[in-house]
Amino acid sequence: MFSVEVRDRIMIAHSLPDPFFGPAQNMHGATFVVDVAFFREKLTRHNVVVDIGAALSVLNATLKPLAYQNLDALPQFKGVLTTTEFLCKYIFDAIAKAAAKGALGEDGTQLSKIRVTVTETDLARASYEGPVA
Amino acid sequence: MFSVEVRDRIMIAHSLPDPFFGPAQNMHGATFVVDVAFFREKLTRHNVVVDIGAALSVLNATLKPLAYQNLDALPQFKGVLTTTEFLCKYIFDAIAKAAAKGALGEDGTQLSKIRVTVTETDLARASYEGPVA
Amino acid sequence: MFSVEVRDRIMIAHSLPDPFFGPAQNMHGATFVVDVAFFREKLTRHNVVVDIGAALSVLNATLKPLAYQNLDALPQFKGVLTTTEFLCKYIFDAIAKAAAKGALGEDGTQLSKIRVTVTETDLARASYEGPVA
Amino acid sequence: MFSVEVRDRIMIAHSLPDPFFGPAQNMHGATFVVDVAFFREKLTRHNVVVDIGAALSVLNATLKPLAYQNLDALPQFKGVLTTTEFLCKYIFDAIAKAAAKGALGEDGTQLSKIRVTVTETDLARASYEGPVA
Amino acid sequence: MFSVEVRDRIMIAHSLPDPFFGPAQNMHGATFVVDVAFFREKLTRHNVVVDIGAALSVLNATLKPLAYQNLDALPQFKGVLTTTEFLCKYIFDAIAKAAAKGALGEDGTQLSKIRVTVTETDLARASYEGPVA
Amino acid sequence: MFSVEVRDRIMIAHSLPDPFFGPAQNMHGATFVVDVAFFREKLTRHNVVVDIGAALSVLNATLKPLAYQNLDALPQFKGVLTTTEFLCKYIFDAIAKAAAKGALGEDGTQLSKIRVTVTETDLARASYEGPVA
């Protein structure tokens, strides 16, 4: 199995309004460093998984609507606990959809899986990995 | 599959008394940076794998009895080659047991797997990954 | 010149309400990884600059009032542009004051300088370095 | 499943002569930081996956013929697009062959899989992971 | 003294045609991760050293003519040993000139010094630091 | 001012037998990742500060007598508190002496300063920087 993994980042504010989260119930924020890995069983005729430049562009376009935002104020997150784990899956879904639509080139429509890793501090990170149809 | 991974560290002394280990047969030591990843198929109702704060606490409590110790002098390691790989499994067992007992909250009792990675230098690390009952 | 440098981190929300900051005028947030270096010309009789454990404690105590906070809502930052550079100096002042009061032990009262580095993303960081009286 | 992962690096020149690669069609180069992970289900009688020193030696010997080379000028790469993904597999094949021949000691002949990760910049890396017979 | 430091990267080919450089006399290449730190004694009225976005843009524009190039083929490097140290100074000069011309905004014209650090592998890096007029 | 900085590492055991050090009074150990920076005002005629390969060799030769050792058992450290800070200076002295003797080539005899940084964990490091005669 081959993979290519690319990195981008966003700075956001949010709160986690449930007693479960202790001090993180407050409005606070995070720098999320986002790594997205694309997997495929065989390389394309260009000997790649996907073009790294295209992968970086798709990741950047996916994160842009979240950059410098207060997630609590975005309609798609109304009533949602926007944990790091949740955001891994949210980014996964957006990237998988973009790939299916051809945003990574035709190669990007034949991936076997995608993994999104979001690092929130030097001590903690989360990930979501799943197949792509 | 979702994961959350947290980090802590210990500084220990030990020796590896078998000719196989060459100079590491001597009493020497290591800083072990320990990353523990918790995996589950679906998020809890709080949209987490486990609470990151609880995960950091359980890891810290697991490592504490080893911190600033000479592993050769600890009864549980008598006659054991305490390689980095062995310690990955030792920490895995302790964390899996703590999780099963509820130390991570009730969410921690429904994990699918755990991975322990121990980095011993900038050039080498080991890991153990296994299912949790 | 000797130094000892220790690390901690906070997750905060804030906005930078001036057109100069473009999209960062929005309420957003950051993970600030904070490194504080303590400098002295000669080591103490214990062969240290300051005790690393004490340095980590003082840094943790300094950052705690900011952790999981919206800086815009804290009285000490009213009307202040809480840039990364500004926060370097704010943390520097708090640490220098704690050191002068003996929080690092008596050794901490004879430092020559302190440097605070705040990393906001994998691509950007700021620092403030100055003498301590 | 246990793993041990070791690191080395090479600096090479090459070109990717296909319009797919845009500016990377030019003669350019890269520092490739190479991490190789060896996996096995059970530890050997020395409580290791493979000896870390032996793993570092095999990796170094594998990379040496590529170090400070223009890949375009090497006979084994004639007409080949030497992408980062391709090189992951090339290094994988060489290491798997060396392991099968006993270069990692007899333990190295009973591995279950190997993963090669090649980091080309702070923002991008590729990997190949496969079973070893 | 305050600083702000930003990061970008280039992938280049070159050779170092002097026996002093041993195997690096060959055509080879490198990924250069470039960190540029801007220093000033006092913050601007926006509480910054320079705008981080502007700093990233100036660095990107400075590196662009070198990206994916064979340095041996560029007229400005004819007969020059393009060592990592030399490139630190070359980038320093270009950034200092851009800053003086106002590319960082008017704040960038009052810097006290600039430091360029170029990391060539996980084991080696070079830097040049100097005052700006 | 130019610099070149290279990295190596050692794994050692030691104890810090003074109540000041709390739990570190025990026999324990550390992985010390050692970065040595060489500084000079002007580059040599080869456009370098020192040859990176020579710098790596000198660092390796300097660290070798300490690698896999119990520092408490080495005669040169009898009665000495071998703190991270102390070791920075010890390594500095050894490297400065080697440079003066020509181990870095003749270029290494005209350095202006050397800085040794020893990282003991992901959260703490020490350094010593001084002029070389």
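Going in written order, the chains are labelled A, B, C, D, E and F, and every chain counts its residues from 1.
Heads up, the rule we're going with is that contacts are C-beta pairs under 8 Å (C-beta built on N, C-alpha and C of every residue); 3 or more make two chains touch, one makes a residue touch a chain.
Since we're looking at a predicted model, the values are computed, not measured.
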Labels of chains that are neighbours to chain C and to chain D: A, E
Angle (degrees, nearest 5) of the CA superposition of chain E onto chain F: 120
Farthest chain (mean CA position) relative to chain C: D
Identity of the chain that, by mean CA position, is farthest from chain F: A
Same-site or different-site touching of chain C by its copy chain F, using the half cut: different
Computed distance of Cα centres, chain F from chain B, in Å: 30
Chain A-chain B separation of Cα centroids, rounded to whole Å: 27
Whole-Å gap between the CA centroids of chain B and chain E: 41
Multi-partner residues of chain C (each touching 2 or more other chains): 7, 122-123
Sites on chain F touched by chain B in the complex: 7, 9, 11-14, 23-24, 26-31, 33, 67-70, 73, 120-123
Of all residues in chain E, those that touch chain C in their complex: 1-8, 43, 46-49, 51-53, 55-56
Complex contact set, residues of chain B against chain D: 18, 20-22, 80-86, 88-89, 122-130
